[in-house]
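Look for chain A in each of the two complexes below; its partner is chain B in the first and chain C in the second.
And now, the complex of A and B:
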């Protein structure tokens, strides 16, 4: 797969909504503008809602793919400092 | 002199258990009240009531314990703060609305603007029985559109715009009705499954969708002695003017066909849902 230059990775499969989004948000706060975060998330509510919440925060969602174990991999670029 | 209770009720003064005491219902549109209005309502409640107000189930405010002989004085005092009495009885009631797209990230339509327009167009119009409008901004249905005689629910009709799509795959998962499939980077929307929720648009990083913000209208809802869900018997309504024609046609149908004290649903049951649907389809098609 043509890939992204990942700056950091966060796994949010160990928490439930709304902490899923909070955990992703905190991980993004550690990064700089333009950095790319890879998020591992569960099917269901997280995959339905987290990409949208990140967009509403102003970040740039780049890709969502399913992993072999049924979880998902979301690639998001931080926008802003 | 005997009080004319029907006239008082029409003017929003609801008779209480306590003799010569009235609960005054106020005119509220779409659940919004300004700070100036609230201050005046508080002042009137302290001065003429017993210092409390009641929030009704349909977004109005009532000031209880208003005395019969002070009704005119109370009306004048409220008027100073831009507050008007509401209505009760057989007429068009408070137009209710959620916050809609002006405030809520989930909103697909401007519910408050629409509530104001319907209020100006229909509020307090005399009919064979009460008639309730409710407007909700999206499929989350916070305002419970189908409880109303005429319920309006905002929606977004979508068409994929390939040129802006970055093929991230988010929309396919955001869709809760499995209407979206992606094959070799091409997105198809099953219009039979799409419920116009707009989640694909709201989650799309590049807004790669051509959108029509429109209305899903339901008719004949009841949530009192009888509980019946309003039915969305017509297709997605794509524009404001068509919506107004549909509302006009529904109210005219009710005015022309209902027996006194017969709710819209029972008129539809008696006169025929098919006949009503024909009337509404005509209103939609004859723009």
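And now, the complex of A and C:
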């Protein structure tokens, strides 16, 4: 999975809306402009909403793929300081 | 220290806000706010600041909870009658949010203790009900270079303004000195609609939160007034010139704190 140079990884499968987005947002706040965050998230509401909410905050969604265990892997690039 | 999942959930509606975020929430957690007066204004302010996760909240009040307080001082309950207000307030705030440290000061503010009370705090809320205390708090905050929120409520009216050192007029720039004793009734004599404390005290909490997270514009240089009977708000621009103020001006004549005489309550 060395397709991107991942700066940090966060697992948001242990929380539900809206903390899914909050946890992803908090992880992004720790990063610098251009850094890449890998997010592990559940199917359903998180997959529908988290990428969209992160885009609305101005970040770049690079890739979303399904993992073997049914969870998803979302790659986001931080935009802004 | 990173937030726990439980804290992320508790503060999620803050953290989601672009103007707050995790950084703002951390600033709140590290902030220290002093509320002077655990009454009509201080009660709602204390509830919201505790709920918001302000890490350290000091609360100053010399009184005990009285039955006549409960119509508006929503931090106290019927079972708290007779208890020091600071104690009752602390219990309610800790019940709302165990993340918060509440320091209690069971005393009146005086020229002797006010500088010591405010010195460790980042922002002060004046929730007192009398002019001597309001001038004392203003002068002390100017001298100690502390930002504070002034507010007052009576009958169906309320007002507030925010002072930040170097960013506009202080309370004394606007109201030179306390009115003559008994020229103005206290809210004991005049009455006050309970929800007015909720309206104006909540706005004081709002100013404190905005100051801490650095969001938006504060009420510096403005007096915001509210008339509930007419449902009218006025945002009055205050004179920008503070040079001649007796306490925050270029050549202050008030260099020591003053304990003005308190108006006697004549309604009983």
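Here is the rule we go by: the second predicted complex is superposed on the first by the 79 of 81 C-alpha atoms of A that agree within 3 Å, B and C clash if a C-alpha of one lies under 4 Å from a C-alpha of the other, contacts with A are read in each partner's own complex, and residues count from 1 in each chain.
The rule we apply is simple: a residue touches a chain if its C-beta (ideal position, glycine included) is under 8 Å from a C-beta of that chain, and two chains touch if they have at least 3 such contacts.
The structure displayed is predicted, hence computed values, not measured ones.
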| item | value |
| --- | --- |
| Fit-or-clash call for chain B and chain C when the two complexes are aligned on chain A | fit |
| Which superposed partner A:57 touches (first chain B, second chain C, both, neither) | second |
| Three-chain overlay, vertex chain A: chain B-chain C angle, C-alpha, nearest 10 degrees | 70 |
| Contacts of A:26 with chain B and chain C, given as first, second, both or neither | second |
| Touched partner set for A:18, first chain B, second chain C, both or neither | second |
| Shortest CA-CA distance between chain B and chain C [superposed frame, angstrom] | 6 |
| Touching both chain C and chain B, counted on chain A across the two superposed complexes | none |
| Contacting residues of chain C [partner chain A, same complex] | 2-3, 5, 8-9, 12-13, 15-16, 18, 21-23 |
| For the chain B and chain A complex, residues of the former touching the latter | 105, 166-170, 173-174, 176, 199, 202-205 |
| In the complex with chain C, residue positions of chain A that touch it | 14-15, 18-19, 21-23, 25-26, 29, 57 |
| Residues on chain A engaged by chain B in the complex (per definition of touch) | 47-48, 51-52, 55-56, 60-65, 72 |
